[in-house]
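The following blocks contain the structures, represented as structure tokens.
The two complexes that follow have subunit A in common; it is paired with subunit B in the first and with subunit C in the second.
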Partner chain A sequence: MAEIVLDVKNLKVNFRNEGKEYTVVNNISFHIRKGETLGLVGESGCGKSITSLSIMGLVPSPPGRIVEGEIRYNGANLLALKEKDWNKIRGNEISMIFQEPMTSLTPVFTIGRQLDEVIRLHTNLSKKQAKARSIEMLKRVGISRAEQIYASYPHELSGGMRQRVMIAIGLACDPGLLIADEPTTALDVTIQAQILDLMKSLKAKTQTAILFITHDLGVVAEMCDRVMVMYAGEIVEEADVDALFHNPKHPYTRGLLQSIPKIEEKRRRLYSISGQVPAPGSIARGCRFRDRCPSVMERCAKEAPELFSIEEKHACRCWLHAE
Partner chain B sequence: MFSFIVRRVAGMIPLLIVVSIISFLFVHLTPGDPIRVLYGTEISPAAYEMLKQKEGLNDPLYVQYGRYIKKIVTQGDFGISYRTKSNVSEEIVRRLCYTLVLTLASMLWAVVIGLAVGIISATKRNTIWDRLGMVTTITALSIPEFWFGLMLMQIFAVQLGWLPTSGSGGLEHLILPSLTLGLGVAAIVARFTRSSVLDVLREDYVRTARAKGQRGWVIVMTHVLRSALIPVVTMTGLQFGILLGGAVVVEQVFAWPGLGSYLIDSILTRDYPVIQALILLFSVQFLVVNLLVDVSYGLLNPQIRYE
Partner chain C sequence: MAKPLLEVHNLKVHFPVKSSLFRRSRSFVKAVDDVSFEIFRGETLGLVGESGCGKSTTGRAILHLLKPTSGQVIFAGADLAALSGEELRKKRKDLQMVFQDPFASLNPRLTVEQILSEPLQAHHVGDPDERRQRIAEIMEVCGLSSSCLKRYAHEFSGGQRQRICIARALILKPQLIVADEPVSALDVSIQSQILNLLQDLQEEFGLTYLFISHDLGVVKHLCSRVGVMYLGRLAEIGSAEKIYARPLHPYTETLLSAIPVCDPRVKKERIILRGDVPSPVDPPQGCAFVTRCPKALDICRTERPALQKAAEDHYAACHLLR
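The block that comes next holds the complex of A and B.
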């Protein structure tokens, strides 16, 4: 089995709001191996993005604070790093693609300048060599008029093009880990498919591990090897992608899968999980999903379930699977 | 770009005509008799009439206006000052140099101090440095210019003896008046810069730059400042235009021979040719500064196109 690139252990992140501290990411552990794509799925506000920002060392602080845990990249604990050393990791070893391609590029600089910046930061290439590398990267992400785009400004590009540029920036220094935070959410469906195809082909060429954050289960099925489902700051289920789709264990995961409309069914109303995500800090005891759970038991209100191992590589945080 | 500037300059012409008519009428319709001011109140009625005829003050207003404009356009001649009997254009050019030097020096203070304070306050938001910066700028905005000028004079000229109290000459004469004049603008620049930088710091692309591994202060000085400067440039340009209109108070306090003191003297003696020339000059200056600001937008923001 390939070596572990990223190993997160017991990560806990708190946010301070109006004098009170809330835990938004609670005791999360996972790892990603070389060449592997791990999906991180969950509703808005479940802590997906904070988890990814923690790995980048970019949790806004204040109000955010990493309370405990370890984030190991190739064995080294990132949380012990000084800011100066973080900057050698970011964009170089670990890079990130964001959800909003429209606003994620600096509007007053050319595409070329923004690509050159990351290359020049992490390599010793000259200006000329960096430009050559930038143009090569633009071609690699499927931009045909690379020289022309190199000299363009972000507002002259479409959303799909900008996301390609973001991917080029992300991969420019051959990172060991790429974090993609909902990279296709803001794009049209046809462009989404193009970007996913691009990421798949790039993945096949490089051995970059990918942490793919999304709330779209269809994208997960397409892209990922393994999946984690997050709910209210906790991982509720973790499995290989086939196991998760064919044999979901957690009631939340089942609910999510059930709420995907199926083309052969002619239902009037789409299925939805009743109720709402609990506000951070509102559940002190027991299972966080119990208010919305169709199989809720007495035990759920008293004790919080752990992440029980069901089979090899399949775990679920539910009393139904406690044995 | 070039055709944009040409069109803007052409657009100024009707505006200048209106300004010249207003300034001409404004001065002529207000009470106050230049003949009596010029030659004293004791001259005989016959002499009075003769002088009035000679200065052309008996002609209808539109004739006087036409004569005035024709001289300006054809010879650059704004007439002879009633008071000093010297050529208005020459005097204005001489004093304009002084005002320009003073204004540029003040803007230099304002931009250097203002940007520095604004950037530090924004990046160290809600720390003691931010608070200190903002309290200082509020104080600077509230202090009357003449008082601040006198205080500087008292400390650096009278007590320490490092700098001359007033007048013009070498660089040392420039320091105190320009600092006095620049203080208020520096405070405004600082507050604008702070809020503008804070806005930009929230942008997604700042996070992208951090995710690339760029150092914090480099991000502020490049990605952030380039966008944040756009509103600051507008405001600075406006202030520059105002200062060019003559720093009346500061020029009086430091006996600086610029346009501001010229304007005051001319109004007090109802020196029509000078007042008219100055009003027109101030309008032109303001329009030119505005044009420069508009052109500078394009240099800062590639999304702006001049069409």
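The block that comes next holds the complex of A and C.
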């Protein structure tokens, strides 16, 4: 099996708001191997973006604080790094593509300058060599008029093109890990298809490990090898992509899969998970999903379930699957 | 067949592009360019397309929230453009809208009670007691508890806010609701709650919907008929079943093939389009889709295809049909 690139252990992140501390990410552990794409799914506010920001060392502090846990990249504990050392990791070893290609590029500099900046910061290339590398990167992400785009400003490009540029910046230094935070959410379906296609072919070439964060289960089915489902700051299920879609165990995962209207079948009514996600801090004991769970039991209110292992590589945080 | 509730004939909405301060503008963004369709009572027509294709503008022009450049909107037999301001205001009782962003479309300074009573006051419906009664009824129908009345919009989650928006649209007992991406801003589990609510309300009140969305799965679930828009024009329109089973326009075909399937075992043959949507200021001559169409012919570059009938309740604007 390929080596482990990223290993997260018992990560816990708190946020302070109006004098109280809330746990936003609670005790999550996972790893990603070389060449693997791990999906992280969940609804808004479940902690998926905070998880990715923790890996990048970008949790705003204050109000955020990593309370405990370990994040190891190729064996080295990232949480022990000084700010200066972080700069060698960020954008170089671990890079990130954000959801909003409109706001994650600086409007006042050309695309070329923004690409060059990343490359020159992390390598010893000269100005000229950096430019050549930038243009090569733009070509690699499927931009045909690379020289022309190199000299353009972000506002001159469409959303799909900007996201390609973001991917080019993300991959410019051949990172070991790429975090893609909802990279296609802001795009139209036909453009999304282009970008997913591009990411797949790049992945096959570079063997970069990808943490793919999304709320779209269709995109997960297409892109990922393994999936984690998050709910209210916890991982509730983890499985290979095939097992997750064909043999989901957690009532939340099942509910999510059934709530999506599908093109292939016609149902009169959609299944819906009643209620809504609990506010952070509102559940002190027991399972966080119990108020919305169709198979809730007495035990769920008293004790919080742990992540039980069901089969090899399939785990589920639910009392239904305890042994 | 019965007479349609809403008829749209050759609707055009063009926005001038400012060229300079003193010159009159010569170029126009053709946001909606010659669109015609009808909606029958009690049905749901879905309008799909990518961003910038003119689907929201069409929705707004139907309500005359935007003045159409030309074309007719006939609602229940009355031409909306021919009505005076006062008459149009009265007519709007029957035509209501639900917007995409439940965070931006509710006034943060008003309580839920004030939000819901505003339309009643504007249209002089009932006395205060009757209004209160009606608000209580509509809240219950939309799944909001009566304890919400004195609270402000920011205290609610996205799903509940969208319920408030729907309640506000319903309180005047309209006949047609134009829903502009009502579930796009919501999470999957909340989205299905709102879709079910829309379906229940339709059954209970015999509502007619124009459902604008970019999500083809949602549209398939909710709509009996579908119109596919591209660059301000209708590419294809007809029964949802027929369009999803056998799309006739190459654009519809691409759109359907581009949706990711929720099943890792399905390996879909995907049509990947090259390039982006052209600017609506200067659309291609001939067919709007010609620059990206994998099947383009010579005639597509010169002649704009008209919407033509391919089967019962199935029309497409494509030269390949001939």
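Here, the second predicted complex is superposed on the first by the 318 of 323 C-alpha atoms of A that agree within 3 Å, B and C clash if a C-alpha of one lies under 4 Å from a C-alpha of the other, contacts with A are read in each partner's own complex, and residues count from 1 in each chain.
Basically, a contact is a pair of C-beta atoms (placed from the backbone, for glycine too) under 8 Å apart; a residue touches a chain by one contact, two chains touch by 3 or more.
Worth saying up front: this structure is predicted, and the values here are computed from it rather than measured.
Does the subunit A-based superposition show subunit B and subunit C clashing or fitting?
fit
Identify the partner contact of A:E100: answer first if only subunit B is touched, second if only subunit C is, both if each is, neither if none is.
Only subunit B; A:E100 stays clear of subunit C.
What is the contact status of A:E264 with respect to subunit B (first) and subunit C (second): first, second, both, or neither?
It touches subunit C, and subunit B stays clear.
Spot which of subunit B and subunit C makes contact with more residues of subunit A, would you?
After superposing on chain A, more of subunit A is contacted by C.
First (subunit B), second (subunit C), both or neither: which does A:Y22 touch?
Touch partners of A:Y22: none, neither subunit B nor subunit C.
Is A:F308 contacted by the first partner subunit B, the second partner subunit C, both or neither?
A:F308 contacts neither subunit B nor subunit C.
For A:T190, is the partner it touches subunit B (first), subunit C (second), both, or none of the two (neither)?
second
In the superposed arrangement, does A:F30 touch subunit B (first), subunit C (second), both or neither?
Neither subunit B nor subunit C is touched by A:F30.
A:M161 in the overlay: touching subunit B, subunit C, both, or neither? Say first, second, both or neither.
Second partner only, subunit C.
How far apart, in whole Å, are the nearest Cα atoms of subunit B and subunit C in the superposition?
Checking C-alpha atoms only, subunit B sits 7 Å from subunit C at its nearest point.
Can you pull the subunit A residues that subunit B and subunit C both touch?
Of subunit A, no residue contacts subunit B in one complex and subunit C in the other.
For a test of understanding, state which residues of subunit A touch subunit B in their complex under the given definition.
Touching subunit B from subunit A are residues 56, 58, 83, 86-92, 95-96, 98, 100, 103-110, 117-118, 121-122, 153, 155, 166, 169.
Quick one: in the complex, what on subunit B touches subunit A?
Residues in contact with subunit A: 203-205, 207-216, 222-223, 226-227, 300-303.
Spell out the residues on subunit A that touch subunit C in their complex, using ranges where they run on.
For this pair, the touching residues of subunit A are 43-44, 158, 160-161, 188-194, 196-197, 215-219, 221-222, 241-242, 245-246, 255-257, 259-264, 266-267, 269-274, 276-277.
Touching subunit A in the complex: which residues of subunit C?
Going by the criterion above, the answer is residues 50-51, 157, 159-160, 187-193, 195-196, 199, 214, 216-218, 220-222, 244, 254-266, 270, 272-273, 276-277.
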